[in-house]
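Two complexes come next, and they have one chain in common, chain A, joined by chain B in the first and chain C in the second.
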Partner chain A sequence: MTPTGTTRPTRPTTSAVKTISQGNHDAGANPLRVILRAFLTIWSVPKARIGVALLGVFVLLAVFAPLLAPYGATDNSFDRSEDMSAAHWLGTTAAGQDVLSQIIYGARVSVFVGFVAGLLSTIIAVLIGLSWGYLRGLAGDVINFIVNLFLVIPALPLMIVIAAYLQNGGIGMIVLVVVITGWAWGARVLRSQTQSLRSRDFVTAAVFSGESPARIVFREILPNMTSLIVGSFFGASTAAILAEAGLEFLGLGDSTTVSWGTMLFWAQNSNALLTGQWVLLFAPGLCISLLATSMSLINFGVDGLSNPRLREGATR
Partner chain B sequence: MSLVSVQGLSVVYEPNGAEPVPAVKAVSFDLEQGDFVGLVGESGSGKSTLGFALTGLSRPPARVSAGSIIFDGVDIAGLTPSQLRVQRHGGFAMVLQSGMNALNPVRSIRNHFFDIFAAHGHVSTRDREARAAELVGKVQLPASVLDRFSGELSGGMRQRVSIALALSLEPRLMVFDEPTTALDVLVQHAVMDTIRELQKSERFTAVLISHDLGMVLEVTERVMVMHDGLIVEDATAAEILAAPQHPYTRMLLSHYGDPRAAVVEVPGLASRGTERATDVAQAVAGGAPVGEPVESQGEPVESQGEPVETPVGEPAPSAPTAVTVRKREGRAARESIVVSGVSKVYPRPSRRDQPVTAVNDVSFTLEPGASMALVGASGSGKSTIAKLITGVEHPTSGTITFGDLRIDTIRRRQLKRLHTEVQMVFQDPYAALNPLHTVEYALTRPVLNYSSLRGRDARRRVLELLETVGLTPVEQFAARLPHQLSGGQRQRVVIARALASDPQVIIADEPVSMLDVSLRAGVLALLDSLRETWGVSMLYITHDLLSARLVTDQIMVLNKGSVVEEGRTATVLQNPQDEYTIRLLDAIPAPRSGAKGGSRHPQESSKKGLRPPATVPTSSPPATVPTSSPPATVPTSLTSPRSPS
Partner chain C sequence: MRYLLGKVGLLLLTLWAAVTLNFLLPRLMPGSPADAAIAKLAQNGPVSPSTRAAIEAQLGVPTGSAWDQYLQYLNNVVHFDFGVSYTFFPQSVASLVGTALPWTLVLVGFVTIVAFICGTLLGVLAAWKRGTWLDTLPTVGGTFASAFPYFWTALLLLFFLGYVAGWFPTSGAYGSAATPELTGTFLLDALYHSILPATTILITSLGGWILGMRSTMINTLGDDYVTFAEANGLHPRTVAIRYAARNAILPNLTSFGLALGGVVGGSLLVERVFSYPGVGYLLYTAVVNQDFPLMQALFLIITISVLLANFIVDILYGILDPRTRR
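And then the complex of A and B:
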């Protein structure tokens, strides 16, 4: 089939929206096929391929932690502050725990928080962003005020304040804090896209078809911005992973759970750098950045989902 | 030796992960110094691709796969980008369709010129100002525009600036890619005149790429007609007018007519003159243009592997066979839309500006079964009127009623009731359908929303609608996604959706302006036949007077929000009173008038027309109302406090 975009020079082609819809042109009715095609598009970008592989490794680590870890995560029956050895590949902590096992178990928290907090903040961002973009008048102004409020408040201090109030609430608390501080940016992005889509003729046509506003937003507009939503999910996940580690490092989480953030917290407490155990700081830090990087790399592929022109190698 | 010699040039599109598509297939031609050549074709014919290749602007996924472009002895198909850039000075330049968007909004026009001068170093720093002023002078702009930013200029001015920018390197070959398509009708004409005069005075070789054969024939000396990647005809404009050789050219030509003529006809669309302006029509019966036989028209149109478009003029669009006169059980009686004294003032966009009066004291009545045209250039307020009538926006003053429903103060909740009776056909069929939903979904939704039909009944109704608009086999079309349809088919789906609620009124906002010429007649014929068989009334909004003449009985000409002329379409167009109407009529390219580059004065050009209306007493009032078709018998009077002229 002739690509309509390239061989139709007589039509004014201006908006970026158009290319987005073109990217979704091929989407069939079958959702499974859509997902498969989306995955293949992401996979076709080399950077994203690395990201997918990395993320896959971390997810597998998290799921099969009990099988992969040589020792229990909280088992402190070993010698303290040991260096790397055959028995303890990455040494032991000041409390006598195996570092490698902690890293492997720690992946569970990071991956869990990343997915759950990312998903929740994306859902909130979609709900608020779309209705905010579609509604006009007073309701829109009210949402505008609230979102701007969340955008102006610096996220980290807000997180610290909230976390300090909910002393030692564990992972659930951290997810809550991350979601509260993390949804506004996504909402803003989705809102601007909604606003540009709502002026499209097919939305007006849906009004003429007698559709209700909710249906227009979720059946007509939402499917046209799938890629944006996916992108915003990975963005939110990355932010959530970093925020979780940050909060735990500051000691605002439950310091008895085993996660990369608490590992950093304890390593800092035991002056690991001074004692020469740089691995204690280095290993969890590397894992956090690798996990965040994998998400960012996947987002390169998501760009291609939304806009065929951004597909690598398409223009050069 | 000729300036440009193209030999066996082929261009292919090689998109990522898709089959390569040939866009230009082994094309050969020569251009002499000072030629003014038109390159005509419909969308997808490869004309723009060829234009880009000529100026060395082909970019991936497009690739010159074979052949050579010898420009002044150098094959530019094989040049590297940096060699090409040097070549552009005194070489070739291109003016793009959206050239008005090619200007950087944060740099003044002067900076645009200076950038080019600096890049090529052919103008000394001292002379830059004078040279820039001289260039804008050539495109008939005052030197003061140099201080402006692109946002402060109108579309026509911006396009002139981009022409002046292209001229700044003294090119010997200029390629104009649809230079006026994005402009308003009246501006189009002025910009075209500028281009023509420039070409005469500067003597550069010009290639004018356009979909509008009429305009090209009027402006250029030689015309190349492209179809499906091939140049199917290459002849002088006069030869093409007098004796077109290729059936495709003949088909394109047959779709032009003069709305001022007594009888206006394009293939696939019955003459309006003979049916309705009875008094006029019978006088000149034999003057209709020689249309192609119906069968041969559809054939060349189908191209590019697009889905098969129902050939124009096939029985399908004329729906009477499928649906006879509609019964409207349990529905409101047929009502007319009464617009009286309506004005719409938009608040001033910024503190410095004045409030914008989009519509100023407009009154009219759209009777049941009537068809009325609302014409005007862009900014005349015609689309605002559509928004007001459909309740999308509220008027600042005045009333709009539909039966007992007050549209001017309608609430969101009542909108659904209004849209049951008043539906809309959108301008751009490419934007009016959600790319992710099948045709069946698009049609099922209004059926479910507006009728009590459910399940199998609803589906039957959807298929019935598809049949009405001539998309058969219906089952196949129902399952398609919009991108699997051609433009004409999409517009039929849009029309079917508008019909789904069984409305009394259809507002058609430029329904064919985005379609290729060959598809227009089919869609217009469909709209016209629906009006007759379903008894719906139609408000046809357009800037295209020819199509207005073809499908409407009444006309209202809008200028700056006010009605400047109204009356029967045939009468108004044949005997326009207001100067604005005359200007609109003049802006229409009329290849058949034969007056190439000649005077465009209405009297003169109508004398030169093939079908001289001068022999017809155009001013005589419509004597009898035809009794043949029932909907047409409805007295379609314009009740307006304002009198024309």
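And then the complex of A and C:
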């Protein structure tokens, strides 16, 4: 749970003010510079810096897996259930695969699922949260009910049931299931922020200048919520990575994929507990935790973007 | 009273929606339970239409229009009639769920309350001592621990404390020789078996409470009445607990209900690791064996439990914070 839900409304940023006075041509300001500035703000928070570094390591691991891994991920030509040795730093699995190579290749699945599912959930959350916050009347009530329903229904059991019906789908199915169950939290956070921004002067000004509701929501209000949106992206990614691992651990994914979740699935099913190969259990889980932690840590910096009180070193 | 009625109305509406979702899910999905059973049979040779009809009848595949099926389903749910389990034939789904539910309710309920209390206290401390190690340690530790997958914590505890050290039993909720009964020895045995699953859930869920409480507490500490209390020269501890924490705890109570869904989900994985005979392990068994009636009923029961817990928290919130009753 990130503290994003309690951040206070930000003042309209200069870019939004510029949009009103100068029109459209400047709205995106040079995306590279905006990204660089956001990155530096996050980087200035020590906790977030650790998170960025950790995440960077995992992304590099995923991208350069074929270069970094000593062996192929599914190469099972080695002796089975070997202990740690110079040839196999983390030993081999019960099926005779190199554990270290599997860990390195496994990063691909987790990073991919985290990124894609996080992005899709965030897009849905932005679309629903913003229009829901701006709309009044019956439509708003109906969305309110649906979002609350998705919030209270326990996500993992729902995922398990859907995954069981869709039977042995691969990563695509897992992404779909995670997105279905994962968008509601972000939508709610973004909605309350939209509601509080809606009554601001710059929105009133935009209404009086005759802008369409869609334009007001996505061009005037949206830029003021960048930190919340980035925050809900990392929140959704973390949830997605944990959910993916959980589903694969239960054997609900494609168990031939090499991922940290399936590694734990095979470790439990091949009785790594009894044979004493604790690395088989320890390493994949540690990677999942570190990847998820890196995103939570980045969120400390994201919180600071919009709420000076949460910035490190600020006095109370 | 109007507040209460409104909440009850919302609860009923949500319950109806959950039941309807549960009705729609299998119908939105490709294939039917009978198809799955027949697909298994078909591996051994072609399946004749009469066999197919027999299987469909045996599995209780519904007939009639969608609307009739829906009414029939609602009627069944109201009477706790969830049909017969495929895996544990001829036991009824309702009796299976009835045996499993108390284990999970006691385990998750107890641990959640302990985690909430400990987490809130640590969060208050972290916010009050901001910038010191009392803040950094629980915050970073909590962030890291809440990123642990539940099943991983469970596996590690099981391996190191169960298998290697041999301090705790490695599976089940009570010893293989014991039979469930209300005696001191049995309860002690059950308690002993529940230590590892409970610790797992506690470690993983504590962080969320610490972080949530810390963040609302920091916001509260910036409020004028806290500054005023400080300016009046009240003892810092009085300011922290009687002024700030009391108000900061309220928003956290709302997340209590929402977080419960996550804890319940996590406990499913924990039960799988420890073969703890609760709802989660039963759900796992149902999924592995494609026991769709059992799976659906379990999902519904889990959802309803979480909805009811949320309802109770909502009511409690209304009592604690009179402003919400308006």
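Points to keep in mind about this one:
Here is the rule we use: the second predicted complex is superposed on the first by the 285 of 316 C-alpha atoms of A that agree within 3 Å, B and C clash if a C-alpha of one lies under 4 Å from a C-alpha of the other, contacts with A are read in each partner's own complex, and residues count from 1 in each chain.
One rule holds for everything that comes next: a residue touches a chain if its C-beta (ideal position, glycine included) is under 8 Å from a C-beta of that chain, and two chains touch if they have at least 3 such contacts.
Keep in mind that what you see is a predicted model, and the values were worked out from it rather than measured.
In the superposition on chain A, contact of A:A245 is made with chain C only, not with chain B.
Touch criterion not met for A:V177: it reaches neither chain B nor chain C. Looking at the shared chain after the overlay, A:L156 reaches chain C, while chain B stays out of its contact range. Looking at the shared chain after the overlay, A:P223 reaches chain B, while chain C stays out of its contact range.
Within the superposed three-chain model, A:S44 lies in touch with chain B and out of touch with chain C [touch as defined at top]. Of the two partner chains, chain B is the only one touched by A:D201; chain C is not.
Between chain B and chain C, C touches the greater number of residues of chain A. By the touch criterion stated above, A:A187 is placed in contact with neither chain B nor chain C.
The contact surfaces that chain B and chain C form on chain A in the two complexes overlap at residues 1-3, 6, 8, 313, 316. By the touch rule above, chain A contacts chain C in their complex via residues 1-3, 5-6, 8, 47, 145, 148-149, 151-158, 160-162, 164-167, 238, 242, 245-246, 249-252, 264, 267-268, 273-274, 276, 278, 281-282, 284-285, 288-290, 292-293, 296-297, 300, 303, 309-310, 313, 316.
Remark: chain A residues 1-4, 6-14, 18, 21-22, 24-29, 44, 200-202, 204-211, 220, 223-224, 308, 311, 313-316 touch chain B in the complex. Interface residues of chain C, counted against chain A in their complex, comprise 13-14, 17-18, 21, 25-26, 29-31, 36, 130-131, 140, 143-144, 146-152, 155-156, 158-160, 163-164, 208, 211-212, 214-216, 218-219, 221-222, 251, 255, 257-262, 264-266, 268-269, 272-273, 283-284, 287-288, 290, 295-296, 298-299, 302-303, 306-307, 310. Touching chain A in their complex are the following residues of chain B: 13, 15-18, 21, 23, 43-44, 46-49, 59-62, 97-98, 101, 177-178, 181-182, 211, 304-306, 390, 392, 415-416, 419-420, 423-424, 426-428, 430-438, 442, 445-446, 449-450, 481, 483-484, 494, 497-498, 500-501, 514.
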